[in-house]
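Chain naming follows the written order as A, B and C, and within any one chain the residues start at number 1.
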Amino acid sequence: MKTPWMKITALGAAGLLVLSACSPGATEDTAEDDAAGGGGGGGSVTVGIKYDQPGLGFREGNNPPTGFDVDVAKAVLAEMGYQEDQIEWVESPTPQRENMLENGQVDMIFATYSITDERDERVDFAGPYFMAGQDILVRTDENDIKGPEDLNGRNLCSVTGSTPAQNVRDMYADEVELVEQDGYSECLTFLQSGQVDAVTTDDIILAGLAASDEYAGEFKVVGSPFTEEPYGVGLPEGDVETCEQVNEAIQKLQDDGTIDELLAANTEGVDYEANAELNDNIELVTCGE
Amino acid sequence: MSTQYVLFDAPGPRSRRIITILNILVALIVIGVLVWVYQALAAQGQMSPHLWWNAINTNAWVNYLLPGLTFTLQAAAIAVVSSVVFGLFFGFLRLAPVRILRWISMVIVEFFRAVPVLVLMVFLHFFFSQYLSNVIDPRNSAYYAVIVALTLYNGAVIAELVRAGVRSLPAGQREAALAVGMTTTKSLRYVEVPQALVAMLPSLVSQFVIILKDSALGYIIGFSELLRYSRHLGAGYGNIMQALVVAAIIFIIINSLLVQLAQMLSRRLSSRTSGVTEVGIPGIAPIAGDTVEDEATETRAQAIIQQDKRK
Amino acid sequence: MEDILFLFEQYPIWEGFWANLKLAFFSAIFAFTLGVILALFRISPVRSMSWLSGAFINLVRNIPLTVLVVMGVLIFWGQLQINMHPDFDTNFFMLATIALSIYHAPFFAEAIRSGVNTVPLGQAEAARSIGLGFFAAARLIIIPQALRGAITPIGNTLIALIKNTTVAAAASVMEASGIMRTMIEFNPNLMVAIFLIIAIGFSLIVIPVGLLTTWLSERLAVTR
């Protein structure tokens, strides 16, 4: 009588051992990462990016990720002495970015991460490497929405844990109906079906979304950015050394025009121009403040 | 036994006519609803073949569905095994002859059964990444939070199953064991629990269904399981609805297979134990309301036994 | 202690639990009603009805609730464009209620059906032999006994439903688990206390329901 359940338990224990040997993160070669300090050398560096934002940070399965943020990250890390194969990419969704930095899930984040005072209390920023501005995406046949003030009484979609939607509500239209979703892709399906009238976030994100093959010609960016969103590199609180290295790299890439080239390459074929006035002379943050 | 015979006489000619009319009516309503859904979706362009194709082609499987499914199954499988271990341990303790052990295990078991799994998951996710980051790679903290939360909850449920399983054995088993000179602990270990376990096996398989379904809660804390991957698929190809439908179908297929397995086991094993191998309601973990200790449960267990004898 | 008071002042904890209770209340009513209908269909002599109910039960039971809630938002609202209320907060609350109702209806149906199964064959035969028709037999003999036999599974389903209202967070409904998340995010040092507040809150709701179920099922048990 005791054999069957002894067998089950033994089988179970064996299974447990086998299975726990292949947990998600363990699939990648996890060399001891000393990325936060020293720079370059033998270590690897874990970089948080978006996986679901075509044009900025997008990744399919284990294919190499693509997008503007990814390219900037590669260029910055190259300046710091890292090879591409030393970079480990990790998804960092909007609501979890601060957490991931705080508890060491990532060494740095390049994920459409605007520098704000609130976030600055929990993490450090280097950069910015790009100046975006909040804008509005509407259906091509929509002519009544020309700016955030026209959103009163209309339905708006944005992403959980991001500031853009709250901005609109607080500053321009307090009677806007707001739905928050996990990602912008949901917002686009709502915009397409007509359940919401507008999607709001940074212009470059909207441009990337509007440019994807699936929605070609269906949406347009209104084109009057009403905020300044300095995209920074998120770093763990207090990591001054890395911050300075990143800033140095960004300065160099801005001066030699690499960042402009990367932007152009990633927004090819889209009717989008970065806000030149802001982007021509970006002032980098002072590290350690 | 079909319930139909309990409630109905064999239908006469008039009833048969009514039944035919109702059959036609139901068929029409079902078809009507399906057509309406189809048209509503088609009006949105959601029925266009390439959207569906993009959700089931090789790229979708290789880059999204299979990796997501692997993590879902992996987390669920580990959680099943560990919750059995947890459940056996505390189930045993709940039957222990020492009152204080029974009390401690009761408090633990009841606590984890009362707390929503999602609440447990959210907490463990933060807890692991904050305090255990040197033990658990923080990148995996969501994954482990899912496994541990599922283990604690389902383990508590299994502990109850073990206890109920032992209680539902005919008293003669225990009496016989004591009569041949075994101690109560030995009787539990060699006679009662093994039989209860065999009797529980079908319920354990349906517990797997619950665990598999609850692993999708990991979506909310950012665990990259099937639901999250299918959302990514939808983000990449503008077919979020199709991707979700495919994910739902995958869940349905796997869970249906598990339910069938549970039913098959329940038929096969009924001869190998004096316990009751019946599967409860698959999909809801039973909270056997009998938190009242001792006498109350004793009498209830006896009532169950009496009932079984009569069947 | 001050920290805990601070949490209660700073965050809408009570409102969060109230939202869970409201979700549970409305979903329980709808899910139970739908469950009764499904159970009636399931045991009816009309083949297509029992097949339809069986298909629905088996489909819904095997889909994770999270998937159902996400689908409700993305497909039911987003694609089929069914608006229940112009105010988004109310709309999503209703959407979550519908998803919860649909998800739990099969469990209520199965609970009721299992209750019907506890009624011995002889009862129905006896009812028929004294000349009661289907409806009279069902109303006077079968259903009263079946409901009593179904108390425990119905109670279990109700408890599961109460706990599952936390999944409404996936439909952007503000409820206790979402508030817990925000609280921990901004007060990580109070993590354990925050978890205990929420956990004990749920225990205080769930355990009485469990005790009541036990008490009722014992009190109303059909002596056979």
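Operating definition for what follows: a residue touches a chain if its C-beta (ideal position, glycine included) is under 8 Å from a C-beta of that chain, and two chains touch if they have at least 3 such contacts.
Remember, predicted model here, so these are calculated numbers, not experimental data.
If each chain is drawn as a node and touching chains are joined, the picture has every node linked to every other.
Between the chain pairs A-C and B-C, more C-beta pairs are in contact across B-C. Chain A and chain B, compared by their mean Cα positions, are separated by 37 Å.
Centroids of chain A and chain C (each the mean of its C-alpha atoms) stand 38 Å apart. Here the CA centre of chain B is 16 Å from the CA centre of chain C. The set of chain C residues touching two or more other chains comprises 74, 78-79, 81, 185, 188. Along chain B, residues 44, 126, 130, 231, 240-241 each make contact with two or more other chains.
Contacts with at least two other chains are made by residues 99, 186, 189, 193 of chain A. Contact residues on chain B toward chain C in their complex (touch as defined above): 1, 3-9, 11, 15, 19, 22-23, 26-27, 30, 37, 40-41, 44, 46, 110-111, 114-120, 122-123, 126-127, 130, 209, 212-217, 219-220, 227, 231, 240-241, 244-245, 247-248, 251-252, 255-256, 259, 280-292, 296, 300, 303, 307, 310.
By the touch criterion given at the top, residues 1-2, 4-5, 8-9, 12-13, 15-16, 19-20, 22-26, 30, 46, 51-52, 54, 58, 60-63, 90-91, 93, 96, 99-100, 103-105, 182-186, 188-189, 192-193, 212-215 of chain A touch chain B in their complex.
For chain C in complex with chain A, the touching residues are 73-74, 77-79, 81, 83, 86-88, 92, 172, 185, 188.
Those residues of chain A lying in contact with chain C across their complex are 98-99, 102, 155, 160, 177-181, 186, 189-190, 193-195.
By the touch criterion stated above, chain B contacts chain A in their complex at residues 44, 59, 62-64, 67, 71, 74, 77-78, 80-82, 84-85, 88, 126, 129-130, 133, 137-141, 143-144, 190-191, 193-195, 197-198, 222, 224, 231-232, 234-241, 272.
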